[in-house]
Each structure stands twice: as C-alpha cells, then as structure tokens.
Amino acid sequence: MKKTLVALALTGVFSVAYAQSSVVIYGTLDAGVSRRTDTDVTAVGKRDNNKLGFRGVEDLGSGLKALFQLEIRYEPDTGVIESTTRPLFQGQSRVGLQGDFGTLRIGRALTAFQETSTAFEPWAGMPAVAGYQTDLQVAGYTSDPLSPAGNSANRFSNAVFYNTPVIGGIFQLNVTVGTKEAANNPVIIGRGTATLPQFPANTMAPVNPYSLSATVTNGPGAAYVAYERNAVSTKLWSIGASFKPIPDLKLMGSYQRQDQDYSVPINPITKAWLIGANYNIGAGMIRAGFGQKTPDNVLNSAAIAKTKQFSLGYDYNLSPRTYLYIDGTRKKLTPAATFNFYSVGIHHNF
Amino acid sequence: MKKTLVALALTGVFSVAYAQSSVVIYGTLDAGVSRRTDTDVTAVGKRDNNKLGFRGVEDLGSGLKALFQLEIRYEPDTGVIESTTRPLFQGQSRVGLQGDFGTLRIGRALTAFQETSTAFEPWAGMPAVAGYQTDLQVAGYTSDPLSPAGNSANRFSNAVFYNTPVIGGIFQLNVTVGTKEAANNPVIIGRGTATLPQFPANTMAPVNPYSLSATVTNGPGAAYVAYERNAVSTKLWSIGASFKPIPDLKLMGSYQRQDQDYSVPINPITKAWLIGANYNIGAGMIRAGFGQKTPDNVLNSAAIAKTKQFSLGYDYNLSPRTYLYIDGTRKKLTPAATFNFYSVGIHHNF
Amino acid sequence: MKKTLVALALTGVFSVAYAQSSVVIYGTLDAGVSRRTDTDVTAVGKRDNNKLGFRGVEDLGSGLKALFQLEIRYEPDTGVIESTTRPLFQGQSRVGLQGDFGTLRIGRALTAFQETSTAFEPWAGMPAVAGYQTDLQVAGYTSDPLSPAGNSANRFSNAVFYNTPVIGGIFQLNVTVGTKEAANNPVIIGRGTATLPQFPANTMAPVNPYSLSATVTNGPGAAYVAYERNAVSTKLWSIGASFKPIPDLKLMGSYQRQDQDYSVPINPITKAWLIGANYNIGAGMIRAGFGQKTPDNVLNSAAIAKTKQFSLGYDYNLSPRTYLYIDGTRKKLTPAATFNFYSVGIHHNF
C-alpha cells in the first residue's frame, strides 16, 4: 500500500479519475412508520431493502466487459446490517464477464428464480409486509436451507451465475449453480431423528443446488417459468406472466409449487398463487394484490397455516429517484391470527 | 441487478455521472499517541470520532430537497467498528426531506440535545479524554438506556427528527421523538428487585423518549436550552451560551441537571457545569476548559464520584482539512483517583 | 450533521467536487473455482485478498502531504468480511504525513517485514494456496500472537509506521513499532503451565513489538533484509533478492529463520526458503515457485510438519485491471498428507 500511496501522491488527479471511471456508488434508503393491528406499538421500519452498493463495468474491447458488484444491506431504523448472521455484502458479491455469450459471474447473489420472479409481483419483490415475494410468491421456499438460522433464504453463496443474452429480442435463460460446500447450518432433523438427524450441523450439501429461469418478453406481454432445487432437495417450480392492456396499467400473476418430500415427513407440498396490478396515475402509482399460500393437509396441523393476503399501496413520486408511499394489507392465517398492517414512508435511491 | 449492470454497461458514463452527483463520501481519520499517568502503557488512540460516511442531497424543485446520510464509525488503531455492540452505521442512518417547513428525517442519529450541545463545548463534542461532552456536558446522562450494554449513549434509534428553519435568522427549534420499540436491553433492576426488575430484558419503553433543543444565534452571541426525557423517564435539562468578544476568541459555558428519580433509588440527581474557550492564534487554536460533575450525596457513596476536570489543548492547522493536536488534562474524581492524560496526534478530514 | 446537510443543500456542487478530490475508492474482486485432491468437493474461493478501500492524499504545500487509507477485506464467495474475529478495516486503517523526511503513519497495517517480502515471492504475496507468503515465506511466523484466534497474523495494530524516502534512488528503510496494549488474546500456556500460563488471557505485551526492513533496488536487481520481533519475543530474520536477466523475466528467492525460544519449549527454530520466477509471455505471465519449511527436530514430532511446495500458475491479462488465472500446486507435508490443489478464476481491480 505504501507504493500505491506514493504513486497516488505523485498522480493524485489520475488516481481520482481512475476511481471515478471504475466505481459507481449506489443505494436505497427507505424508512417509514408502521403499525400492526395485533401489536400495540408504532414502529419505525422499512418497505424496501436498504442498500449501499459499489459496482463497476470495465470495457475490455470487442464487446467484452468485466463486471463487479458489492452490496451492503442494512436497517435504516437502527443502522445495523440486516442481521448479525448475514454477510456484510448480503445484497451480493459477484465478479464476472459479459459478452456476446451472455453474462457469467461467480460469488453470491439471488438465484435465477428469486431474481426473475420479482418482476411479476406488484411490490416488485420488496420485503414489505404488503408485498408478496418473501412469503407467498416463493411459497415459503428457502433457496439456502443449510445456512445458519436467520441467514438469507433467497440467495446462493459459492455459486456460478449465467445469463444468456436476450435472444431474438424476447427470450432469456438464467442459470445458477451452487457448490456442495458446507455453510455452517445448525442440526436439521428432517426425516431423521434427534440422535441421527438427516442433516447434522455444518453438513456438506448432498447435491449441488441449482436454479433455472426462462423469460419471454414480447410487446405488452411477459412471462417466465422457473425451476429450483435446493441443497436439501426441496423442489420448486413457478410460472408467472404480466400484461399491459394500456401503457399505464400492468397486470400480473404467478403460481408456484414447493415439494419438500425429501426432508419433511408431513405436509411436504405447498402451493401458492397471486394476482396483482400496478397502475400509473399522475405522479403516482397504485399497487394492488391478492394471493394465497396453501400447505397440504392444512387442517391436520395448526402449525401449518393457510395464508390469504390482500394489499393496497400508493407511491407518490417526488422525482425519478424519490417517492413517498403508503401501504395497507390484511393477512389472514388459518388456523391462526388475522391482522392488518399499515405503513407510510419515504423511499430514496442514490 | 443484472438489468442494472447491463444498463450500466451500455451507459457507463451516465451511470458514473449519476453516482457522482448523488453521493458524497466524507470522513475523519484521527489517530495519536497517548498516556494516562495512572497506567504504565503508552497507547495509540483517537481524539475525535473516526467516520466514513455517505450522504447526498437531491433537489426536488420548488425548494424541496431529499436528504440521506449513512455514517460508519471505527477505531483507527485497530480498524474495528466502534464497538461490537454498535451498529455498522453508528454515526447515523437517516433519510428525509428539507424545505420551507424545515428538515424532517427518520432513522437513527444524535438526539436534538446531544447534537446542539456540542457547539458549546471547547472540544466541540469530540470524545477526547480532554473533552467535556461525553462525561460532564451530559452529566453522565444516557439517551438510550434500553439498548444493549456498550451501545451508544447519545442517540435514538427508531426515531423521527425535525428541525425548524432558522427563524428570523436567529432562532431554531429541534425535536427528536423515538418509538417504544424494544431494543434488546439487558435486565435493569432499577427500583425493582433481582427477581422482579423494573426493566426486564428487551423491555418495550414505557414512554416515548423525546428530546428538544432551541438555539438563538445573534451576532457574536449564541445560546441554547434543551430538555430530554429518555425511555426510563430520566429527565435532563441543559442551558448553555457562547460569546465572541473578538472574532478570534470564543467563550462558552453550560449547565445541566439530570434527574433519574424514576429508576434510581439513591443519588438520582446529577448536576454538571463547564466553562471553556477557543482562541485562534496564527495557524493554530488553543482550547481550554474547566468543569465539574456533582452527583447528590456524593460523600455517602464511594461509588458516586464527584468529577473535576481541567483541560488544555492546541490544534495546529496544516490545511483546512488537516491539523496536528496536543492535549493535556487533569481529572480529579472524589472519592477516587486523580490522573493526568496527555495525547498528541493528527486529525484529517476527507 | 444537520448543519453539514444544510450547507450541502446550499452548495451541492462544491460538496461533490470536494469529495471527489479527496477520496479514491479502490478494490479487488477475485473469485474462482478450486479443487483439493484430498477433499471431494469443488469449491468457490479466491486467489488474492478481496478488498474494498478508501484512500486519499491531500497536498499541504511545500512537498508535504496528508495520507489516509481504510481497507475492508471480504470473501467473495459468501460476501462476509474475512473473519468474524477480524476488523472491518482488516486491510489497513492508517493516517499520516509524507514529505522530504519520508512517510510517517499511525494505525493498523502490515508490518515492514510482511509488506516488503511480498515483492520477492512469485505470487506477490497473494494468499493463494499456490502462493508462498502465508506459510513458507514467513516461516509460519505470526506478527501478532496476542490477538484473538483467527485474527490477522501479519499486521500490527496500535502501531507507528515509518518509511524513509528512497535514498540515492536505491535504498529505503521501513520501521514499524507497536505499543504494549493488550489485544484480547486467549490464554497461551507457552513455557508456563495450564494453571500458570506464560501469557494469560488479554495479556499486555511484555515488550514493544517491532519490525524492520531495508530494501536496495538497482537496475535489474533488488534485495531486502528484514528483522522482526513480536509481542511474545519470537524473533524472525529474513533476506531475499530478485533479478531480471531480461525485462520479461524476474527471478527471486528468499530465506527466513524464526526463533520461538521465548515461548515454545520444543522445536523453537523454523527455517524456510523459496525460489521463484515470473515470466511475461504475450498477454500473459507464468508464475513458478519451489520452497520448503523445516521446523527443527521434525522427526521427533508428528505435529511439526516439514513442508515442500511446488507451484505453477498462469495469468492471462484481459486488461491492465483484469486477468484470468489458473494455478496448480503440490504440497508435501512430512510426516503428514500430500495433496495437489488446482484453481481457475478471474481477478478484477477497480
């Protein structure tokens, strides 16, 4: 580093230019006030993920580019990273190449399914209580079950990520393949016993987890199909579509089916579907959605709840980068509680 | 993120310009060598807080602006964040709007009292041993008593922050209000018993903590009055003033009174006062201060120390952003130890 | 911060310019796929350290400059910082001045020996399994034995760093001196007993650790000699040299001797040597090395292994900032296992 600094001292201007040309700082700070009707406290929280990221693209000539991205996730109300069991760069840490062959990256990020599906959900994949991604759209599925408790449920670490180019202007295939490396999971009994658990602590994955998604975009319509198999051989498939009858209105819906038969003795199947809409009106946008999640034999087990969710939201754009929002949602869990959730806040991209 | 990167690849220049126009990176790196006369080790430490921050302002038109700020705090001698129990963005994490109505932000930051009072202290609120903010100026008061041990004592998390505009060019009111959200505190017996503590672990605050400060600035003079009530109903009020008889000399003083009657069975009252001066001389500045903190019934309890502190410091400015400093202070604790503390170091803003 | 933001709002452009002129963001993202022949898993990992850094140089006039540098280290395959026991700014956190007198900095960073020796190792100090720095070149030596387990083995915290200018265009002396401050080490029995360990937990260093290195660079040749003594009085000396018979070929070698007599009852002496070469060919570079590490009385102790390592690597430069690489190495531990290690990946500087 000494040498670097000396060089820097001699060529400060160049060094600065160099940095500016290779790193883009970006992020989101979203904070608001919310209330859950089954609690008696008004809370400060978020609607969207909060990000502080660093990314860059280097043109290598002849259409080839090098890409990197590092993304910190944090909680705006307390200033902590998303969870003490999550990485500093929870959002993603990836590096790779992009060219005529597509985009090939290595590191940690959302799986092909998790990333693709967010475009077919009225809250665009935001983890808002009013949104559908976290719970319904993924049918309660976990992409990374062998991580420590509290770690991300929709990312692969130690993975290779490939996206084809957009073929014929309409089609794209996305592939994510993870290694079998152990990720420090706690004991998971699964189909085993307390003394002989199916997945002991820090198990090496019995299979390579992988995720596939294919998207078709044609004029006002778009659709995807995805299949994912995680490290404990839970299988999920999902389909979804969106359509714009008029430019200001986007209708969308998706269906997913999760099969945990390899590791769950009862209720291995979970099905979920949702429909939603985004409608641009003046400087604002209305978000609306309805969906439900149904584990099998739900009536046989109070622990396995059927979920119904209806949500309405409104964004008021102060600029292309900043908007105010208000959300309202009603969540009905059977057999279990029903509650409403309301929030109002500000969403700022930088 | 894929889409973002593709877009970035296509419009690298714009993306960079975009980033530059919306994010300012700033910080402080302050490190020095120090010695306490009651220890036999020379230490590497700091005089000021060490910061690495990211902030931005977006002009929304018609006088409205969106603001965000994220600030990492760290220790320069070891490279760690300020404390393992403190958030990554310990300095602050806030987002909000500024306009004719003033500034309204949400997130985590210094309370109105803690932020305002630093301008009336000869070390400008620096946590230096020679400084007065941490111990005397706040009368040993803690703004956030229901946080984990070791967490910040002068910030609110889960709070809303409002500052009026500067009215008539002289007056400003600042308000901070926190929620009752539990913040994972350890058991606090308070006026309860070991078996029935007044504040069990992870208590939800019985009241909304809040902080108020008002400042008046008129020519060479300035003054403030502040009142704060924290989550365990400790009440603090404080007044302070500064005056510049000549441009190069700033005289200042403050008085504060803390009342812990709600949670402390004995010695609930703590009073503190300080006087100080900053004098610009050539490329340097002399800092001087004297103050004391007096818990009530101090003689009845060896555990409750009366504190007297006298400090002298000198800054030598190498540039508007960088200075060298030397501090000397004598701290007398009754009944307890007396020690001197000396430090010399460098303070660099970037 | 309020004031700052108001000021920023009023002078956004200046504030941005200010930030750009004082902070350079830099880093490395290196990730690849690897395989060890004595394991049955293909892993995603790294060849080089992964960095995200912030540095700056301020011209103070008359040849004087202020320098700062903060460097985050992380794992690209999982997005975590290098180790939970390592600081956020594991790479370094330093601030100081540079002038005719040389460079004087304070904080945490590599010791003079550890930093200098990397230029005489065919993998340039990268922690790659194929590289020689971590294990052989430092003879298994630890610069910071009184830190918590898992912390960095080649840095001083709480230290002062001095580099002379390059004298006569060929000679430079580098000095690092640490304080005796306790760094939270676990119990180290050393030459003591379980009940009376030589170094109890959180021991204050009995001596000030220090590190010295001197380098001579003359045309195609360069050489160094270094001596370091750590906080438990382990002594290490090392010499190395490099020579370029032709511009595209760099030959190098080094020898080091570690003496742990003060804290290790048996096998206190460890010797190590290595030879290596870098050869530029077209857009690529070949790396080759051979070396061994020999603890004394190795045959008397299965726990003390003799290590022999042969490595071959190739970098293919896609640009001055980005290259692809492939490494192969054979590591023979006596008495113990022998394994081969292969990796292929991408290295991107930003």
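First chain written, first letter: the chains are A, B and C, and each begins at residue 1.
Definition applied: a residue touches a chain if its C-beta (ideal position, glycine included) is under 8 Å from a C-beta of that chain, and two chains touch if they have at least 3 such contacts.
Since we're looking at a predicted model, the values are computed, not measured.
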| item | value |
| --- | --- |
| Superposing rotation of chain A relative to chain B, computed on C-alpha atoms, to nearest 5° | 120 |
| Classification of the chain B:chain C interface as same or different, half of numbers criterion | different |
| Chain B and chain C, separation of their C-alpha mean positions in angstrom | 36 |
| Residues within chain A bordering two or more other chains | 20, 23, 25, 88, 91-92 |
| Contact footprint of chain C on chain B as seen in their complex | 20-21, 23-27, 29-33, 41-44, 52, 55, 57, 59, 65, 67, 69, 71-72, 74-81, 88, 91-92, 98, 103, 109-110, 115, 163, 174, 318-319, 321-322, 345-346, 348, 350 |
| Complex contacts: residues of chain C adjacent to chain B | 1-2, 4-6, 8-9, 12, 15-16, 18-20, 22-23, 25, 54, 56, 58, 60-61, 64, 66, 68, 70, 87-97, 106-108, 157-160, 179-181, 183, 204 |
